[in-house]
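Presented below are the structures under discussion, each in the form of structure tokens.
Below, chain A partners chain B and then partners chain C, in two separate complexes.
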Partner chain A sequence: MFKSKTLTRALVMGSQYASLILFALFTTFPLLWALSFGLSTDGSTAYFFPQGFIPHIADGEGNYNIGATFSWFERVFVEIPFSTYFKNSMIMSTASVLGTVLISVLAAYPLSRMRFFGRNFIFIAIIATMMLPSEASLVPNYITVTTLGRWANSLQAMLGSDAETWRRFVGINSYFAAIAPSLAGAFGIFLMKQAFEAVPQDLIDAARVDGATEMQILWRIMLPVTTPSIAALSIFTLVNAWNDFLWPSIIMRSKEMQPLAVGVFNDLTGPLSGSQNTLMAAIVLTVIPVLIFFSFTQRYFISGMDGAVK
Partner chain B sequence: MASITLKNIKKNYTKDVCVIKGVDLEIKDGEFVVFVGPSGCGKSTLMRMIAGLEDITAGELYIGDTLSNDLHASKRGIAMVFQSYALYPHMSVYDNMAFALKLAGTPKPEIDQRVKKAADILQMSHLLERKPKALSGGQRQRVAIGRAIVRNPKVFLLDEPLSNLDASLRLNMRVELSKLHQELKTTMLYVTHDQVEAMTLADRIVVFNAGIIQQVGSPLEMYENPSNLFVASFLGSPKMNLFEAQLVGVEQNAAVVRLPKGITARAAVNPGSAKVGDKVTLGIRPEHIQLVDESVAGAIPAKVDLVEHLGDTVLAYVEIPGVNEIICMKLPANMTGLKFGDTVRIVFPEQHSMLFDAEGLAFKRHR
Partner chain C sequence: MKNSNLLAYFFLAPALIFMGVFVFWPVGFNTYLAFHTYEIAGGATEWNNFENFKYIWEEPLFHSAVKNSLLFLIVVPVIQLASLLIAKLVNNKLVGMTFFRAVYYIPVITAISIAGVVWSFVFNYAGMLNAILSSVGHFLHLMPETKMVEIDWLGDPKYAMYSIMVFTFWKGIGYYMVLYLAGLQAIPAEVEEAAILDGATVWDRFWKITVPMVKPTILLCTMLSTIGALKVFQEVVVLTGGKADTYTALFYVYDQAFKQYNFGVSAAAGLVVTFFCMLLAMAQFRFFGEKQ
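Let's turn to the complex of A and B:
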């Protein structure tokens, strides 16, 4: 009796772990393969299984043994302006995360906690934008950005300057143009609205009685207790901004302004590109910052509401 | 400290939904007033209106001499303790208590002194560095009370503050609240649906039902002389026994009523304008029904349905043949011999019997 119970439990546990490990492998295998490819001397073993998942280096006699080399990773920095792309990605992603969180929070709070005419209509209108494919906004956004650039130019000219410098801040080839269209996203507003609605009304009332203004309630009470949602929104936004390819590739025409996703694609793929190993090494390098960000933010995913109310 | 005056206060959520239907009340400075009533009767809404958390549709609210209808919650000089504690989960106990003072721009040394003093009063100085999640229910409730105390409010508003505590802790906290009121001598307004809390804590009780004040008075006065059926049945545990009856005799200081099956009972009330034949309700509290010998004149035969031994008392539920209502009797603890199916004789003492007219209003008792 005892033995069969232990055996059953072991089997259940074993199958649970096995399925989790399989799932983890399923989701990470492209990255693991890219890592192995990038660490190998060349692509000779990359298309074999399971050798493709284990880095190999070639000895002088044309044999391949298990081992790793960082030479392709070094080549990435030599062959393409990786640091420039990386800097652009960092600036655009950071601004995207900060801007999206700020706008989502400020839009979601009144939608969730204040009563005003047209509140539901506004929310439904915001949610309705989620139904549109992002490609549908490419042309309007492009026209908007070019127009903004023209206006900046005209304004500068009106103020008596010949230099066309202001266009660079808001028009084509500007960070603003690359990130602005995605800042006020319906998803972030929806996520934060749900998070704010989960905060007990008593907590807000207590702050109100304590003398807090609406802004103080938002910054000093609501934000700290909704950190898990803010962390989730930050991760989503960062991953989206970091991996965004289509819009930046349209808007960032000069190489110095391109982010990693665009730069790596343009420089390392296609018939005239270098080796596939460099591409794989660059892909791994591209992914690392997101993983680091996730490892820092994941501790905020724990509930922020413990102990607030019974 | 301040008095509170409510003049014809009304609250409508929509045009048709009226939850507070014209409340007039005066709460004296330093008084401990308890709002009591069933769930949904509007007592918490009224408290929230006094706190400034709900708009007042009509009427006037004065806190002290100030018309406070449109005053922001933080400017009313009130502090509120919530049923759910409503502690800020990301702040330590100290910061929870200091939050209001920090917002008000109080100098740091004074904040420190006031928080520590409140912590001393509530015996929780050792908890100041903890976060709410590391506290028990009772400790959290203390912090919520401490957060109110540090502000030196003119009025304390307590919205069912003990409802989430277990029975023994609730008793302790009840005693502590009573002591706190004696110590601070601040006006306190307390909302509860627990009539034991109302009876034990209040200087005056305000009984609510359906957005209307049913009666205001001291606990004993309300218990002894309820103004209507609602108050009579709401206050007292177990509830007052009520019987539908007919008035069959009117005397100068008593009324004679007939229950079903020809059982008659007398109540020492002033019948006023009541006439023989009127429908009335006879009310008698469980502790006033007496068990008597067969030989006693007018004794009513009854059968025991259930006996509950509570240690200090015995609750016996008996049934009079032909009368639908089960009657609850509170008997001394030594009545341990009673058991299911026993036949007993009971009487309703005239001086303890209450009478209510067809509208549910009480006849004035004659004592």
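Let's turn to the complex of A and C:
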């Protein structure tokens, strides 16, 4: 009796691990394949299964042995302006995080802790934006951005300069235009509102008795105790901004302004794309920063989300 | 607490300005554009008597786009059932579970454009998917050793839409898994233990305990993925670019605007999609309201 029970346990556990590993292979095989492809000398073994998943190097006489070379990874930096794209991604993601956190915190505080005219209406309006397909706003936003650029140039002309350079700051091909539509979002405001509502009222009352202003309460009391939520919001925003593809691909027409997700995609799928090994190496290099960041912060992704569900 | 109106609006101002300009204004302007002809060069608009709507009503491309968007809904039950099962699996207390959860989440945090490039190589007629299928075929003696599976997964209109669904499934399952995991962890362990003592089978426990207890999460996820399926189009942009009959409703909107420069027609199609998305969201919102 005892023996069969242990056996069943082992069987159940074995099948559980088997399914876990199988499914892990399903979610990772494209990236593993890209990695092995990028590490091989050329593509001659890459399209076979299972050899394609193990990097091979040529010995010069037509034989292929298991081994790895980093030459394609070096080629990436020669063939595509990888560091420019990387810099753009960094600037855009950092600005997105700072902007989103600032806007969400400022908006969430009155919504959770102050009484004012139109509070419910504003909150419902913000939540209702979750239902709108943001993709249908691509055209109007594109027109808005070009208009902003025109205005900036007019303003510059009015101030006595004919250079027509101010458009670069807010119009097409500007960092501002690429991140602006996603800065104020229902998700961030809602997350911070939930966090602020969990702060005990006594804490705020005590501060008010001591004569603190609303700004001081927000800065000195609310922010320090809601750090975990702010961290979660920052991490989500960072990954989303880093991966944002469609809107930047519409706004960033010039190559020097494109982030990784846009620039690498255009270079890899464009008519002048280089060898497939470089392509795969570039893909791996693009994914690695996110993976490293994710490995340190993954508990926020796995646990931060249930706050948003409730 | 008195007279905090001014201060409250001061705090809210940045959010309201950005949302006003980039979220609310587009809805209004999009509606306006839908009824007008828009000149790209000068930005002049002219009322055109429902011309844009007549155009999309008669355009076969838009019809097939809508049909594809609706066809895409079949990915919803598949992804929901699979992610619930996966969530159940990673909810077990076994060694290395954090690792597996993280690995399943990797597709979610991969940029769609980059993942799309790899998958277009996987789906290629000489790509990895065909290589794997051929190996399986050879191994099971379903086909001779010399033959290879040669299906152009993204180029053949018969398969292209389904291949995009596979990509969506791969990309999205981790996201729903996390949501379900949160739901599963709220189930008290005693419930399941009691059922085991009563001799309930795994199958019974799944359908009679797990599913009813995570029903709110199932509703939420179904709503999210239904709207997501209707809105699918970035996948089309990165995988097929609309070739092989893979236009979806929003891809049509995007294509008309940024490839054909028909802003008016694009806005009209966008308005139709917005209308249906909101209708669906409201229906499900009501459904939710009653359940909770």
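Here is the rule we use: the second predicted complex is superposed on the first by the 236 of 310 C-alpha atoms of A that agree within 3 Å, B and C clash if a C-alpha of one lies under 4 Å from a C-alpha of the other, contacts with A are read in each partner's own complex, and residues count from 1 in each chain.
By definition in this document, contacts are C-beta pairs under 8 Å (C-beta built on N, C-alpha and C of every residue); 3 or more make two chains touch, one makes a residue touch a chain.
Quick caveat, the model's predicted, so the values are computed rather than measured.
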| item | value |
| --- | --- |
| Contacts of A:Ile189 with chain B and chain C, given as first, second, both or neither | second |
| A:Ile251 touches, of chain B and chain C: first, second, both or neither? | neither |
| Touched partner set for A:Val209, first chain B, second chain C, both or neither | first |
| Greater chain A contact set [chain C / chain B] | C |
| Which superposed partner A:Phe49 touches (first chain B, second chain C, both, neither) | second |
| Contacts of A:Val225 with chain B and chain C, given as first, second, both or neither | first |
| Which superposed partner A:Phe116 touches (first chain B, second chain C, both, neither) | second |
| Shared contact residues on chain A - chain B and chain C | 305-306, 309 |
| Partner chain C, residues of chain A touching it in the complex | 13, 16-17, 19-20, 23-24, 26-31, 33-34, 47-50, 52, 102-104, 106-107, 109-111, 114-117, 119, 122, 125-126, 129, 131-144, 147, 180-181, 183-184, 189, 214, 218, 239, 242-243, 245-246, 249-250, 260-262, 264-265, 268-269, 276, 279-280, 283, 286-287, 290-291, 294-295, 298, 301-302, 305-306, 309 |
| Chain A - residues contacting chain B, complex | 200, 202-203, 205-212, 216, 221, 224-225, 304-310 |
| Residues of chain C touching chain A in the complex | 1, 4-5, 7-9, 11-12, 14-19, 21-27, 29-30, 33, 43, 86, 89-90, 92, 94, 98, 100-107, 109-119, 121-122, 126-128, 131-132, 134-135, 170, 173-174, 178-179, 181-183, 185, 217, 220, 227, 231, 233-234, 237-238, 250, 253-254, 257-258, 263, 266-267, 270-271, 273-274, 277-278, 281-282, 285 |
| Complex contact set, residues of chain B against chain A | 48, 51-53, 73-74, 78-80, 82-90, 99-100, 103-104, 131-135, 137, 140, 147, 151, 164 |
